[in-house]
Structure formats: C-alpha cells, structure tokens
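In what follows, chain A forms one complex with chain B and a second complex with chain C.
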Partner chain A sequence: MLFYTLKRFILTVPVAIGVSLVCFLLVHLAPGDPLTAVLPTDASAELQAQMRTLYGFDKPLPVQYGLWIWRVLHGDLGQSIATGRPVISEVFNAVTNSLVIAAAATLIGFVLGSLLGIVAGYYQGTWIDRAASLISSLGVSVPHYWLGMVLVIIFSVQLGWLPATGGGPDGSGNRSFEWNYLRFLVLPAVTMSVIPMGIIARSVRALVGEILTQDFVQALAAKGLTERGVFRHVLKNAAPTAFAVMGLQLGYLLGGSILIETVFSWPGTGFLLNAAIFQRDLPLLQGTILVLALFFVFLNLTVDVVQSAIDPRVQRS
Partner chain B sequence: MSILQVSTSPVLTPIARSPGYWSGVVRRVSRDPVAMTALFVIVALILMAVFASSIAPADPFKSAMLRRLKPIGTPGFPLGADELGRDMLSRLIYGARLSLLMGLTPVPIAFIIGSALGITAGYVGGLTNTLIMRTIDVFYAFPSVLLAVALSGALGAGLTNALVSITLVFIPPIARVAESVTTQVRSLDYIDAARASGAGAFTIIRVHVLGNVLGPIFVYATGLVSVSMILASGLSFLGLGVRPPEPEWGLMLNTLRTAIYNQPLVAALPGAMIFITSIAFNVLADGLRTAMDVKS
Partner chain C sequence: MSNLVSIEGLTVTFTGRGKPVRAVDHVSLEVEKGSVLVLLGESGSGKSVTLRSLLRLHPEKTSKVSGRIIVDGHDIMALSKTGIGDVRGRTVSMIFQEPMLALDPVYTLGQQITETILRHENVTPEQAHARALELFEKVQIPSPERRLNAYPHEMSGGMRQRAMIALALACRPKVLLADEPTTALDATVQIQILLLLRALQRELGLSIVFVTHDIGVAVEIADKIAVMYAGRIVESGSVADILHTPRHPYTQGLLASRVERAKKGDRLKTIPGSPPDLTALPPGCAFAPRCDKTTAACREQVPSLVTGAYDHAVACIHA
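And now, the complex of A and B:
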C-alpha cells in the first residue's frame, strides 16, 4: 500500500511539472507582447524596456520559467495587472467559491446518479432501465449553460422562488448556512449536477450489470441469501469505483465551472478566468489555470490512492 | 505464356468478400429505431445548414430597432425576433452552419492526429512511447473545459483559435485510447507471425494493426462529437468563438441572455438547438457502440 502510494506520487511529479510548463507557456502563446495590456499604446521604447526588465520578460524563456516556478513554490503567483492585488489571494477566494458549488453539485449528482445507475443496472433491458438511461443520456448531452438559463427562466423569472444571479445577498462573499445565502447556491448547483449525475449513472449501471453476472452473486443467491443481502454485496463491490468517478467529477466541475459561473455571475474561478481573458490579465490567467490544473492533478492522485486503499483489486491491475 | 496467364487469372481476381464486420454494424444500426431517428435529425440539421440560404425566410443579419424581441408567433417572425430585431428562425437556420462546423470539425482532426500518435506510441513502444504518452499525460491532466478555455483565451477570440483549442483538447484522450488498444493488439500472435514472415513495420501497421484498432478508437471518437458541440458553442457563449453579428447558436444564446425577462422562450431557442444536436449525436454514438460490440 505504502509502496503503491509512493509510486503513484512519484509518477505525479513529472505531470505536475509538465502542467506548470504548459501554464507558463500559455502566456507566451498569446499573440503580441504580454505587456501591451499594461502599457499605454504611446509608451516610449525606454519605458517599455524598463517594464520588460521589471516583469523579467527580457530574460531567456528557461530562465523566466525557473524564476517563475521558484516564486510559485514560495506561494507567489505574481500580481494581477488589472487590480494590482496578489494573484494568489484572488485565486484562493475564487477557488473557495467554486468549490462550494462544485461540491454541492457533485453530491447531488452522486446521489441521483447512483440511484439511477443502480436501478438501471438491476433492471437491465427493462423499461425502467431505458427510462433511467434516457435521463442519464439527457444529463450528459444537455448544454449546461443553457439548462442554467432555462432554470433561471422557470424558477427566478416566472416563479420568483430563487435569485437569478449572484453569489450572496450582500455581495460581500460571506458564507453561511442560512437560507438567505443558500438559496443563491440552489440553481447553480442543480444545473451543474446534471453532468456528474449522467456520468455517474452510466458508470454505476455498467458496474452493477457487470457485478451481477459474476459467479459470486450466483453463489450468494444459491446459498440462500435474501435478495436484499445480495444487493448489499453488489453495492459494496460497486462503491469504490463509483466513489472514484465521483472524485474525478469534482475536479472536472471545478475546472469547467466557467460556463455556469458566467450564467449565474457566481464569483468563482470561472468569473476570474473570464475577467483575466478579456482584460488580458496574463498573470491572473496563468495563476488561475495553474491552481485549477494542479488541484485536478492532486485530486487524481488522491482518488487513486484512496481507491486502492479501499479496493485492493485496483493495485493488482 | 498464354497458358500461364489463363491459369493464374482466376487466382488474381479478388475473392468475393463475405459480408464483413462493417456491413454487420451497418445492418445492426439500421435496425435500431432510436439510432435511426438520431441519424435522421442529424441529416436534417446538416441539410438545413447546407441549404440555409434557400430555406431561411429572411436575412439573418437584417436588424430593425422597431421589431426588437418579438415573441414567438409574431406575423412574419414565426420564432420571434432577437435583441436587434433580426428574424430568429432565419438566424437559427443559418446558425446551423457555424455551430455544426465548429462542433464537427475538431473530432475528425483530433481522431487523425490522436490515432497517429497513439498507434505510433503503442506499436513502437520504448522511448518513443514514453515521450509521446508522457506529453499526452500532461495535457490529459487538465480538465477539458479548462484547457479549451485557457487555450482559446490565450490565443485570443476567434473561430480558428476556438477550433484549434477544441481539437487540442480531444487529441490526448483519443491518443490514450489508441495507444492502449494498439499495445493490446501488438502483443497478439498474428502480429508476431507477420513479423516472422518478413513484413515491415508499415505493412504490419497498415494491414494488421489499423483494421483492428480503428474500430474501438472510432467508437470512442463518435462519443466526443456531442461534447464537442457543447464545448464549441460554449466557447462562443463565453465570447471566445465566433464574433457577432455572425449567427451561431452559442453566441446567440449569450446575446439573448438579457432577454430572459421579456422573451424567455425566444432567449432559450438557440440552446434548444444545441441540445437537440448534441443529444442526436450522443444517441447515434450509443447506437454505434452497441452495434459494434459483437459480444453483446
């Protein structure tokens, strides 16, 4: 177990370095000088050179990367060009906000998706299966940004039950478990949950179907175990993989939240990315993407390690 | 000489092929009513895009301030008018062109590049495999939407940049599938037999590997088309794809966002088009997958 964890961790290091390299190069992929956004168009050549030295853009790329990664390892992602605030604090706040809806969505998606998947897997081939599979198909095919708009139209515009946009009643970014705050969370979280719901339902259906064909299930039934007892065994076998799928979904949702956050004006990473892209705030763009991608890399690692801890079959394969 | 020719010619004529795997797939798909409905919808959408100029009742660019945000069923505007008074029906019809172009182009390109990378890595193995697959791993480590947004955000808004970004997003997963299938096939006995009989690497790949690996990669790639549709329109929705005033469903959805208070149904129409397209491709991909899985 320890050996596996260590091996998995060592394998992650080159990927993490590669990810940081991609994030670093993104800025240089951008057309034009990275400084054009900061400087007025009529800036003198002298000022331009000065700024270039200040931001370190005059050094060769490998040196720039080395300096950048050194600062990143010390928790310094540079300063936002637009606001002048440290990127790390902006990203930290945004990630927290995004995690709130991503986690809520994953939870909703997991509960509904597992239910659908178990039912569909158990009654494979019947109309129940087809209905459940149709719902999960709809979940993965729906453009979620559109679903968000439709939900806003129904529940905010027409019924007036829930707020259409925003991250809270006063815009202060405070969090609390009062309904006044939570009601802002409902629509974005429900909208976002359809993706993990569809994906988890599909995986669980396939899992349950596969487990049901295995010999041990027949053996359990043959020794006289009640249907409920057999069902419990099936669940226990499906759980590790289902949890792994759920864990990865959290990462995908956090990374892909930009569309939904745009629809609901939710003050998360998507909102930050949007601002960074359209104000050409490159340090902010770089920092946000780096944090999100590294989060995903380490989430992958954690999911793998946890899965192999609760399910020894994983290590052997 | 003439005797020789006569005697060899029957051997040279290709033997009539027995109904092969692919004709079986086509037969099975064509018996699946759900998949056929999806195919019908897709063909209709493509025809709509191709013949947009003859079908559309009005000019999709012609705006008029007086007709802004007309509801569905307004005389002359069967599906209403948008925020600039342009005919929604015509814009939705014309929108199929860019939306389908953006959604459909990335997958085949990524299929070719990803398969080439994956098959090479899987067949050659060793250092080549390590180099290709570890690079792929880095890109695979990004959540797909984030990578697409990051790339097109860095490259700048525009149709081509959006297409490039989405294609790049799909190469890693396709390459991974291609690599794992190729590695499996490579270790089979008939590849060894072909190598022992003196066949070169290219011949083996072309004759023995491609035929066996392209199927699974193809099935996987078809499942990506619906994701590509959603992602492509999503980029336009964010303002990173097609620029206004071009009609494109994602972009239309974005510009109509403020209209949800006055004309909610009109505002939701472009998204419904994306949904229909995406689900049709998804259902067809599911049908293909079932039809190609001989085991079940």
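And now, the complex of A and C:
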C-alpha cells in the first residue's frame, strides 16, 4: 500500500512538469502584449521597454520559463500586473473560496447522486428508474446561472431566508463554521451540486445495474444472505468507481464555475480567472492556472490512492 | 423414506421478454441421502434451471414455477423469504460454474466464508474464522491461512473452485448443488476437483445434484444419471444402466458421439440437427425431428417416462 502510494506519487512529477510547461506556454500563445493593458496608451517607448525589462518579458521564452519555474518552486508566483499584489496570496484566497464551495457542492451531489443512482439501478426499467433518470438528466442539462437566479428569487427575494450574493457577512473573506457564514454558502453550493449529482447518479445507476447482473449476486443469495446483506456487497463493489467519479467532479468544480461565481459574486477562482483574462494579467493568469492544474493532479493522485485502498484489484494486480 | 430431495412435476416458465419459454417441463426427481445424481444434457436442456429451482433462485417477476419441491422436509415453494434464506447455504448450498464470477471480487475469501457462517450460526467471528481455516485445509488449499486473506483474482482457477467448495460446505449442508463446477477448468484440474468432491461427499455423507454436459464427468461422479432434453427428463437410471444399456435414442446418440469411442481416422459421430427452440416445441416427442426411429406416433403425443427394472426409466415409445 505504502509502496503503491509512493510509486504513484513519483509518477506525478513528470506530469506536474508538463503541466507547468503548458501553463506557461498557453498564456504566451495568446496574442497581444500584457503591458498594453496596464500602461497608459500614450506611454513612451522608453517606459514600455523599462516595464518589459522589469517584468522580464524581454528575455527569450526558455529563460523566462526557467526563471518563472525557479520562483514558483520558492513559492513566488510573481506580482499581479493589475493590482501589484503577490499572485500567490490572491490565488490562495480564491482557491480556498472555490474549494469550500466545490467541496460542499460535491458532497451534496455525491450523496444525492448516489441515492438516486442506487435506487434507479435497483429498479431499472420501472417508473422509479425513469423518475430518477429524469432528475439526473435535468441536473446535467439545466443552465446553472438560470437555476442560480431562480433559487435567488425564491430563497432570497421572496422568502428572504438566505443571502443572494457575497462570500461572507463582513466581506473580509474570513471563514467560520457559524451559520452566519455558512448561510452564504448554501445557494451557490446547491446550484453547483446539480452537475455532479446528475453525473454521479448516471454512473452509479449503470454501475449498480451491471453489478446486479453478475453471477456473484446470485451466489450471495444462494448462500442465504438477506437482501440487506447482498446490498452491502453491491455497495462495496460500486464504491471505488463512484469515488473516482466524485474525485474527478471535485476537480472540475475546483476550476470554479465562472457563471455560478458571477451570479453569486463568490470570490473564487472562476471570478479571479475571469478578471485576469480581461486585464491580460499574465502572472496572475499563469499562477491561477498552474495552481488549479496542480490541484487536479494532486486530486487524481488522491483518488487513485483512495481507490486502491478500497478496491483490492487496483493495487495488487 | 430415504429421499432427501424430491421434486414432483416441476415446471418453470420464463416470462421475461417476448414469448414465454418453458425451460423445465414436468420434471420429477428424487435424490437419496448420500448419493450423487447427475443431470446430463446439452445447453438449454433445463438442467441448470432445475438445479436453481431447488434454491428458488429464479427471479420472481420473470418466472413462473409450479410443482412441488421437498428438501429435507422443507417445502421449498411454500417457504417465506426468511425461511428460504435459512435453507440457502445451510441445508442446501451451491457451487457455480465460474468461481471467478461467482465470488465477490472485492471481499477476501475468508470474509466471504465467515460471512456465510455468521449468517446461519450463532458463533463468534473468531470461531467462524477457525472454521474457515479448517475448511480450506479440508479442500486441500496449500498455505490456507494466507489464502484466506487472498482475493479471488489472486488465485488460480483450480484454487478458486476449491475455495468455492469450501464456501459451499461452510455450514455443513445436507445437499450440495453443483452447476458445471468443472467446465471452466483445465482437464487435469477437472479430475482433481471431481476426486475432491467425491471424497468430501463420502466423508460428509452429502447428497449432490451435479449438472454437466460432459458424459465423462458424469460417469466419474454419479450414482444415478438423469438425461434431460428440451426441459424434460428422457431417461434416468444408474450409471451402469445408462452407460451400458442406454434405451433412449438421444442417450444412445450422446454415448456414440464421445471422443473416447472413436478410432483413429474415424469421423466423430454426431446427433444430426440442433437443439430445439423452447418457444416452439413440436407437439409430440421433442427429440423426434432429430431421431432416426421417428414414426407418426412420436409426433402426436409427448411420451411419458416409464420406469422399468432397477429404476431405469425412459421416455420413448420405441424403447
């Protein structure tokens, strides 16, 4: 187990290097000069050159990459061109915010999706299955910004139970498990959870249906297990794949949904990326993408390790 | 009465999709305590369906079962859900054709055995584990303690089938059902498993109902053989009777088509035609279209199973 984890960890190193290279180059592939966005339009050529040297844009690309990576390894993602603040703290705040909402959404989505999927899988072909499948299809296909606005209209405007926008009561970005803070989380998390719910429900339904047709389920019945006993076996067989799907969903949500974060003014990565793109804030853009990509790599690693812990076939074969 | 299993007029019809299929048609069988009955027949002859009926394993929604099944005094068809659950694995247990598919891939073999014991008996997990170890020794699995912690995919086919047998014997059942337990194995492993089953059967006084399409396997293990065709029993009797004086043309055809009989250079004998479509059986004898003795009378009425000397029964008007 430990050996597997270690091996899996070492394998992520080349992936991480590749990811950083892509992050770096992607931004440079885009047309336009990052400095034109911040400098006044009538800035002298001298000033432009000075700024270019200051930010290191005058050096050849491989050198720029090397310098960038060197600083990244020391925890320095550079300064935001637009605000002048260190990228690392901006990204860190945004990632924390997105992580909170993504984790909450994934949790809600996983619980509801698994329930729907299991019920649908067990009653495949009946009206229960069709109802559950309808809900999961709706979850995947409803436009989320629309759903978000509808929820805001119902729960914030009409009922006044929950705040419509913002990341917290005082705007300071503090986090706490008090209801006063958590209530800001409810609407965006619920809105966001609809996607993973639908996807997890569909995967689990297919999974359970497939497991139930396998010989060993009949064999379990043949040794006298009750339906509950057999159900335990079905769950354990379905769990590894279900967790893998959940992990991937968490990864996708971590990227932050620009639409949802915009509707709810949630200060997450989607929000940040959006701003960085519009302001052509290269260091911020690179830093955010890199952190997100590395997070994804790390998440995949975690999913693999967790999966191998519950599914004996993965680690030993 | 020494019959541990008695089946009377068992009829199983599957009504899942399309036309209903009568997979088993008025089958009556008896198995004595401590004897081995082999159900012999080709795919689709209803032998596995008959076997599974003994544990009421057919899905209730898509199958219709009628007749009477008594196993060790339990009226299988009349039992409640809990009642049949108590019989399954305890009085009657089953080994499957493909142990790789019939064992849960994500539980260790030890867990799967102790789970069964704990389901049926009021013992501690430690006692159940000790019993599992004993069983692994009994089915001659080398380094049993280590193998108990193994998952099914970590063992060879032969070892898996031994583990499956250990699992089936976990609660000291009286009747063992074996659904082609050697078909998926290599020839050399096959004979080991058969010998093991035979030895365990003698030692524990088990009754076994053994399903196979392989007449060689049948001869190896059976006390009695019942030959099935298109959901009906066409001939039944002792191994010697079936082997030396087969009376039904189908049994005769099966015996004649064995490889062991053929000399070098001979063409293998085969039964002409193909197995019948169970949704469109002819009104008379189901074997009539493939039989060389067929007369008009064969096509009119299903021949009934007539018992002759030494319990040798045959369902053919020409026999």
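The criterion applied here is as follows: the second predicted complex is superposed on the first by the 302 of 317 C-alpha atoms of A that agree within 3 Å, B and C clash if a C-alpha of one lies under 4 Å from a C-alpha of the other, contacts with A are read in each partner's own complex, and residues count from 1 in each chain.
Here is the rule we go by: a contact is a pair of C-beta atoms (placed from the backbone, for glycine too) under 8 Å apart; a residue touches a chain by one contact, two chains touch by 3 or more.
Keep in mind it's a predicted model, so treat the numbers as computed, not measured.
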Checklist entry - Just from the overlay, do chain B and chain C fit on chain A, or is there a clash? => result fit
Checklist entry - Can A:Val157 be said to touch chain B (first), chain C (second), both, or neither? => result first
Next on the checklist: Touch test for A:Phe9: chain B only (first), chain C only (second), both, or neither?
Outcome noted: neither
Checklist entry - Is A:Pro312 in contact with chain B, with chain C, with both, or with neither (first, second, both, neither)? => result second
Next on the checklist: Quick one: is A:Trp146 in contact with chain B, with chain C, with both, or with neither? Answer first, second, both or neither.
Outcome noted: first
Checklist entry - Of the two partner chains, chain B (first) and chain C (second), which one does A:Phe216 touch, if any: first, second, both, or neither? => result second
Checklist entry - For A:Asn274, is the partner it touches chain B (first), chain C (second), both, or none of the two (neither)? => result first
Checklist entry - Could you give the angle made at the Cα centre of chain A by the lines to the Cα centres of chain B and chain C, to the nearest 10°? => result 80
Checklist entry - Which of the two, chain B or chain C, is in touch with more residues of chain A? => result B
Item to check | chain B and chain C, minimum CA distance [Å, superposed model] | outcome: 12
Checklist entry - Residues of chain B touching chain A in their complex? => result 134-135, 137-139, 141-146, 149-151, 153-156, 226, 229-230, 233-234, 237-240, 250, 253, 257, 260-261, 264, 267-268, 270-272, 274-275, 278-279, 282-283, 286
Checklist entry - Hey, which residues of chain A end up touching chain B in the complex? => result 14-15, 18-19, 21-23, 26-27, 29-31, 137-138, 140-147, 149-150, 152-153, 157-158, 164, 251-252, 254-256, 258-259, 262-263, 273-274, 276-278, 285, 289, 292-293, 296-297, 300
Item to check | Touch list for chain A against partner chain C, complex | outcome: 214-216, 218-226, 229, 233, 236-237, 240, 310-313, 316-317
Checklist entry - Which residues, counting only chain C, touch chain A once they are in their complex? => result 55, 57, 82, 85-90, 93-94, 96, 98, 101-108, 115-116, 119-120, 151, 153-154, 167-168, 170
